[in-house]
Structure formats: C-alpha cells, structure tokens
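Beneath this line is the structure, given in structure tokens, with notes to follow.
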Amino acid sequence: MDGTGRLLIMCSDQTGIVAKTAYFFSQRKINISDCDQHVCDGLFFMRLVFEISDEKQTIENIRQDFSDEIAAPLAMTWKIFDAHHKKSMAILVSKPDHGLLELFWRWKKGELNGNIHCVISNHEDLRHTVEHFEIPFHHISSENKQQSEAAILELTQGKVDVLILARYMQILSENFIRHYPDNIINIHHSFLPAFKGADPYKQAHDYGVKIIGATAHFVTATLDAGPIIEQDVTQVNHRHNIEDLRTLGRDLERRVLARAVKWFLDDKIIINGNKTLVFNQP
Amino acid sequence: MDGTGRLLIMCSDQTGIVAKTAYFFSQRKINISDCDQHVCDGLFFMRLVFEISDEKQTIENIRQDFSDEIAAPLAMTWKIFDAHHKKSMAILVSKPDHGLLELFWRWKKGELNGNIHCVISNHEDLRHTVEHFEIPFHHISSENKQQSEAAILELTQGKVDVLILARYMQILSENFIRHYPDNIINIHHSFLPAFKGADPYKQAHDYGVKIIGATAHFVTATLDAGPIIEQDVTQVNHRHNIEDLRTLGRDLERRVLARAVKWFLDDKIIINGNKTLVFNQP
Amino acid sequence: MDGTGRLLIMCSDQTGIVAKTAYFFSQRKINISDCDQHVCDGLFFMRLVFEISDEKQTIENIRQDFSDEIAAPLAMTWKIFDAHHKKSMAILVSKPDHGLLELFWRWKKGELNGNIHCVISNHEDLRHTVEHFEIPFHHISSENKQQSEAAILELTQGKVDVLILARYMQILSENFIRHYPDNIINIHHSFLPAFKGADPYKQAHDYGVKIIGATAHFVTATLDAGPIIEQDVTQVNHRHNIEDLRTLGRDLERRVLARAVKWFLDDKIIINGNKTLVFNQP
Amino acid sequence: MDGTGRLLIMCSDQTGIVAKTAYFFSQRKINISDCDQHVCDGLFFMRLVFEISDEKQTIENIRQDFSDEIAAPLAMTWKIFDAHHKKSMAILVSKPDHGLLELFWRWKKGELNGNIHCVISNHEDLRHTVEHFEIPFHHISSENKQQSEAAILELTQGKVDVLILARYMQILSENFIRHYPDNIINIHHSFLPAFKGADPYKQAHDYGVKIIGATAHFVTATLDAGPIIEQDVTQVNHRHNIEDLRTLGRDLERRVLARAVKWFLDDKIIINGNKTLVFNQP
C-alpha cells in the first residue's frame, strides 16, 4: 500500500533514539522524507514523515510494530497519523464571520488538509454564508450552557477530531473541555498574556500599546491560558481608534487562526505542558 | 535670525485652530515646513515645524507672541522648542551595555540630535567603555536608595533635559520621579503590559509565547506602566532557550530605545494621560 | 448641507500655503478634521479633510471658491472630493479568485468606501462566485485584444471611477490605458522592481530569495512599472517550493491590494511622476 | 575526548540515509543533539550535530570512519566541523563603520563563535576604532587592484576561514575570489535582485519603492549575484529622503550581516548551486 505517515514522539532524551527510529524504517525499506527533532530540559521530541511504497506495509502494521519494538522499550509518548486520513473539524462561531470565511476559503483552495463536518453557532446570522458552501449549519442557543454543551457534544462526538472556535463568544465548561483534550483551538484577539477576557481591542486602546496582536491556542479549563500555537502582531499608533483596531485585528485573527489550524491538520504540533512545539515550520 | 522651531499643541477641539495658527506664522513670513495634527475625544493635537529666515524674528519673540495671541485665547497646553538647542541627556545604566552602546553609536553618527551630559551607573563595569567615548562616567552605589537618588539629582538637575534608563536595574522612588515629570525614558525588555517586573525573558519562556518584545515608555510612579512611546517584537519558537531570548531581545531593546530617544529629542511626542502621540513618524 | 470634503493639493512650495488654505476654511466656519502635508524637492503636497456643518455651504460652492481664491493664484494642481460620493469600481480578474474575494469581503464589512459596479473576466470560472454577491459579471474573451478592450470600455466608461486588476492576466494596451489615466490599479505578485513579467514566484524560487513580496501600483504603458502604492513581504526559506510561495503570496496579494484600493477610495494618494504619496497612513 | 561535531551532507536522495547515518553514531555511543534535513529535486540535505562523550573518540577518527563507512558508499558531498574549533575571520571594510561595529559588539558579547584575525581597509579612517578593540588593522590602498588583492591574500591565506565584506566598496576580481570559494560573505544594501550596483538607496528612492532591504550573500564572480544567505526589509514612505533611507538601511545591514556571519560560523549553511539552505534557523 502506498501511504504517508507522520510520527510524533516525546520521551526522555537518551543516546540512540534517532538511530533506532531511523533503523526501524530503513529495515522496512520505508523512506524518511522529513525529520525534525528537538531536545530540551532532558526531553526528546521528534516529528518524522515517512513514505510507504511497499504493498505489504500498512500504516496500521507499522503502528503496531513501532509500538512493540521502539516506543515501549524507550517509554515514548507517541502517535502515528495517516496523512491520507483527513481530520474532521467542527467550527464554532458566534456572529463575526472573518475567521470562518478565512478557513472556508483556504479549505476550498486546498490549503487545509481536513474536512469541515459542520458549523455550530449560538446565532442564526451566518446560516446563509455557511450553507452557500454546502456545509451543515446548526444553531444551538447558548441560553442554557449545560443544554447547549450537551447538544454540541451530540453533534460532534465520535464525528470530529477537533473543534475550532473561530470567535465563539462563549466560555466552555471544564466538563465539556474534558471531552476534547488538546483538541480545541481558539483564536483570541490579543497578544496573550496581555488583555485576556472581554473586548481586548478596547483594553489595548485604553492602555495605549503601539502594537496589537492575535493568539491561537489550545483551550484548557483556564480562560485564555492554554498552550499557545501561534501569534502575530501589527503596529498601531494614536491615529487608530478602537474600531480601527478591530478592523486591523480581523486580519491578524484570520492569519493566525488559519496557520494554527493548518499546523494541527498536518500533525506539526506537540503539546508539552503549557507550551507547544511546532515542527517543520513554516 | 535663521532658525527652526517646533510647536506642540494640545487643546479643546474647535473650528479655526489650524487657520489661526497658520495665519500667525504666515503674517510673520515664517514658513511652515511640516505640520501633523490629530483630533480625538474632543481634543486637538498638533506638531508644527517652522523655519525663520527673517533676522528680526527670534524663537523667543515668537514664543511670547504665540502665547499672547494664540495660546492664551484658545486655552492651549503648548510648547515651542528651538530645534538648534540640543537637549542634554543623562544615561543611567547598570551592567548590560547594549542599550548604551547603541545610543553612543547613533549619537556619533549624528542620528541623535542631543548631547550626552554624562553616564551614571550603580556599577563600575562600564567606566572604560564610556570614557573611551570621552563622556563623563559617574559611579553611584545603589546600596542606599535615598542617598543614591540624591547624588543623581545633584549630578543632573538643571543640567539635563531627560534621563534615559538604558537598562538601569533600580526602581526610582516616586519622590525622585517628581523631579523629572515626563522626562524619564525607560526600556523594558518585554511587550508591555505582558511580563512586567523582573526577568521578563524568563517569564516569556515559561509562558510559551511565540513572539517577544521590548517597550520604551515614560517612567511614572507605577512600575513598568507609564505612557508607551514605542514597541517592537520578534518571532520565537520552541528552539529558543531563555538565553536565546535574551540575545534576540537585546536587538529589540536597542532599536526600540534608540527610536524613542530620537523622537523625544526631535520633539515628536505629546503625552496625553497614560498614552503618547508620536507625530511625523517615522 | 452637512458634508465631508477631501482636498488634495500639489504646487510649488512657498510661504503661506497652509495659512491661506486654513484661513479659507475657517472664514467659512468649516472645521478641518485632518491635515497632512509634505514638502519635497521644492514641491508642496497636502491632504486636508474638512467638515461642513453650515447649510449654506456645499462641496460644489467650496470647490468653485477654492479654485478662484486659492488654487488659481497659487497655481495649484488640486482636487476636492466629496467623501459621501462613493467611487465606483470595476474589477477585472482572470481565474484566481483570492484578490476578488478579499475585496468583496472587505466591501461587505464596510471597510471599502465604494461601489462595485461590475466584475469583468476573460474566463467564465468566477461567474457563480460573483453572482452570489449579486454583482454583475461580464465575460469578455481576450482572444482579440482590440475587441476585448473596446468591450471593456463600453461596459465601464462614464460609469466607473477606477479599474482594479485583481490578477487580470492580460496586458492592457497603451491606447486603453489612456482612457483611465492614474485610475487603474494592478496587483503584481512580486516585490517590484524584482521579478517583473510572468510567473514571478517561479522567478523568486529560482533566484533563491529569502523574502517574497507583492506590489500594488498604478498601471502605465510600461509593464509592471507604474507608481507603486503599497508593498508587503514575507520571509521564506529553502523548505518552500514554488507552490508554497504561491500560497504564501496569495496572502500578501490580498492584503496589499485591499490596502491600495482602500487608500484610493479614501482619496489618500497623490501621484507625483513615477511615485506616490500616501497620506494619513495607516 | 569530549566534543561537539557538526555534519553537513548533500547527496542523491535514497532510502536509508538517515538510518545509516544515525546508526553510525549510535554504534559509537555518540548522541545526536540536533538534526535537520531536507529533500528537494532528488537531493538530500542534512545538518546533524553530535556530542562525543567517550574518550576514545575524536572528531578526526569520526571524520575518517564516516568517510569510509557512509560518505563514500553513498557518494555524499559532506563536511564534519569541530564546533570547538573557532573559525577565523578577516573583515574588509571601507569607511562606513556600522557593519564592522555590529560584528565587534556581538563578538564581544559571545554571540559570534569565531575569532577576528584582522580588519583590512582601503582607508585609514577606522584604524582607531579597530585598534580600540585590540584587533590588528591593515590599511591596503585600493589604487592598484592587482597589488591590493595580492596584499590581502598575503595577510589572510592560510590564516582565515572566511572574508567578511562589511561594506567594502571594491569589486574583487574573479581571480581573487577563486582563493575563497564559498568563503566570502558580502552585505549589499538593497533587497536583491533589485538595485544591484552603486548607491542602491538612491536607486530605491528614485524608483519610489515602499520597502527597502539588505541582503547578505556569498560572493561569486558575478556582481551582487551570489547565493543569498539572508535578507531583511523595512517599510518606508514618501516622507523618507535618501539620507533617511541610508539611516534606516544601516540598521538592516547590521542585522542581516550579523545573522549571516553567525550562521556561517555555526556551520548552518549549505550552498546548492546559486541558492543556500540555512538549517536549524533561527
């Protein structure tokens, strides 16, 4: 079977990890087409892309063998992803459409290697926009958080790999987040850790900063504080009022969210505590 | 007398300010070579550069006339600076020399329109570096804050227009700051308001941000919270350890501090509450 | 009549221009809400925004009076635009839709102060996309340049103020361009003057540059050489193949084109020979 | 012997290169601390850093064994550098001191992992500056190119690993360059390939670009056309005159040259035809 696999590894640093791993693949006549590793604080991290061209091999076999021969003896935390298995996304959004449309456009252009399972919103406003792209749209009122979260779970669990909060103006409960560990990506419209919480552009304007930013991060139980995936900024000055900051910020949010989602879909991210490693960037 | 003046204005917005001001100069056959204004929240701000080529005019006369004819009737907060009067700086520094050297080098290149009156440090380390540039170096121990601040005041009061804290690792007392209202510029090695206080590069590394920054601001009684003059940032990733951040950060600090000092010396900054307006930038 | 006007001026530099101009407005009790000027090589340039709140005044009266009292005596090249008169655009495009969609989206958000009269393409591909936005779409084959240009003129002359080439893969004839002097904006997918002509991303890749760019410029008879309005760039490295450059480049093209169009619609641009001045930026 | 080695590889792509290379080191109980590879156009490139902690091993032994066991059978172009052997630089400069001082500062800070053997100039102007850093300064007149190049060779051949042209305003002959194949780094004050040759800031100003740049590249026989190592840019507008561009450009030149030199000293660069690959960046 022809195929492409992506291996992500995290383990204690020790001599021979690269050699053993590379040997594992070379023995099977599997070519390593990309490899990026990092050592930090006694930990070893690696992302390795391999190309199968032997019909007797499958990603599933390799996963099993790798587990037995390499991962178990070296006590690795690891995953092997099949690059041809497209991840499935649910996009959650309130009223602003810029993050959503940016993802749609890039997805239609083939930039995002995934499927959009559905869009869920606590408002009806974007139904027409979404349905024009022939993507299912679900309106779930946010009046009762418990009911609303249960409804979202019902629509997504077992069907999607990742939730993308493309300006979803609701705080998810700790209980809900537990269902998607390390699998919820949020875009926050500030350069975190500055200006957490509501209306960060107003906060930035009031503070008088000369640069504004946007941050894509994984969602954890602490508001606006999960592992950061990507950030970007733009310069501003006294001529910009709050509305100008919102306008400029939309461009940042679109870019930053799109990059983070792309990297997630391409299995480029390893989470280590409250931080991320993004491999083979850009 | 030939001369160049710079007028900074802040007042309530009302019809006719530009006209009256421009007419004031045109009556005297004084050319306006640059003019930048801004209106915000009911306030009018302007920076205007004028060129005197009439020997009967002096900056001093113009100052007096402007006060009587324009500023008083319109209830302006204003200043006229003589561009040929170079401002005098005292640079305060602890051990790191990068900000200091950057200022020295730009000053020697003629980029900074000011004089360096002296360098004051709470360590002896940089004496040789400073004296090589033929600039007076004063070591003032920081063991006793009250005595040390008194000594600094003695060296600078009435002799310098601005204090530059080019990585001076001491917190100045509210009492000291009162002697230099709006005339102390500090470089903080983070993208404020994130990572105030000690060792911001370590804070940034621990937090896992993907961008680090530096901030030049006026010093007020609240630590790392005065009006921001300039900020700049650079991207980082998981490969950078804290030492790498410090190295990259030095470049940011040098650039940001140099720009802020240049703008101050060129009378480009108006402070409005906790914010700055920087005119005719860049 | 309430109204906002924008005055653009170019003339020989001389004492009193600002004063006379400001006095002209203050006499009429018209407030100047923004003013940005520049002097260079003996020429004086200014953009001034004024707010009429007197019902006896109209933009048309002011235009006439300004012509007689100020512009004629001072031999100005000048224009007064009525900010409430939205400019009309025709967008020309071939197959790539990214520039077009970016303009549509910002226009719907209210970021672009103009009307989209129609979209003209030498291919049928984008008809559905355009018509979804309820904008007229015209397919004009480019097989015969003379006929095609005649057809474009027929559709646009007297009806639109500006042509936007949002990746229109045809070279317009000198004769055609003469009908839209200083009123055709093109996006070129390189950092001009590097990589003029066809397939600039391939040229950039072959050359091995570490930064790629995009350039929005006015169209003149010389290919890819008219006055530059805006440029932006992004870093690349050996990991990027040509397709990656095209993908990254699309983001640049979208941003740069959108900014240039916005500035044109807001009357922020003065063309001086082969260069532009962009006022009150950003 | 403790030690750190850096292996650079270029060869035809084929299955097993990473495995064989990694196995080579793991067999010897040598840890791989960093590894970055790239495949492109049928070619395989890798930079690998290894740490020796076994006293029976030396970089020299490893070099010999690697040549026999891996490089020869796989027909590699390769080099192993001893990280503890600091490369020796000669810096060539005319009158501008900014590139030179930037290298000095970073070198004193420990950012540049090399030795400065000497500075050679065709002017006397910088003697004092250089000698203050206790570095030998040689004035070699450029009146007679043949004699001057012979004198430079005499001062450097067999003594330095790389020549750094930190704004050296002389064109080196093809014959001279042949003595330092891939070992001369130049800083050009434009965003190449735009504005080759003399006075690029004037060229940029005349052209009306909105961004200026600087480029560090290896020197080949064709002027301003060797493999690019690094580029950086900054935005400009109509307010900047040529002198402003020179001032802003100096900052770019300093940054870009310093990065290129650092990467060269750290063995991060592979030259492939007219392009470079820079590994483990930043």
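Order of writing sets the labels: A, B, C and D. Residues in every chain begin at 1.
The criterion applied here is as follows: contacts are C-beta pairs under 8 Å (C-beta built on N, C-alpha and C of every residue); 3 or more make two chains touch, one makes a residue touch a chain.
Quick caveat: nothing in here was measured; it's all calculated off a predicted structure.
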item: Chains touching both chain A and chain B; value: C, D
item: Pair joined by the larger number of C-beta contacts - B-C, C-D; value: C-D
item: Per Cα centroids, the chain farthest from chain A; value: B
item: Where chain B and chain C are represented by their mean Cα positions, the distance between them in whole Å; value: 37
item: Euclidean distance of C-alpha centroids - chain C vs chain D, Å; value: 42
item: Chain A residues counted as touching two or more neighbouring chains; value: 38, 237, 239
item: Touching residues on chain A, where the partner in the complex is chain D; value: 15-16, 18-23, 25-27, 29-39
item: Residue numbers on chain A that touch chain B, as the complex places them; value: 38, 40, 191-195, 207-211, 213, 227-233, 237-239, 241, 274-278, 281
item: Chain A partner contacts - residues on chain C that touch it in the complex; value: 98, 101, 105, 109, 111, 132, 236-237, 239-240, 247-248, 250-251, 255, 280, 282
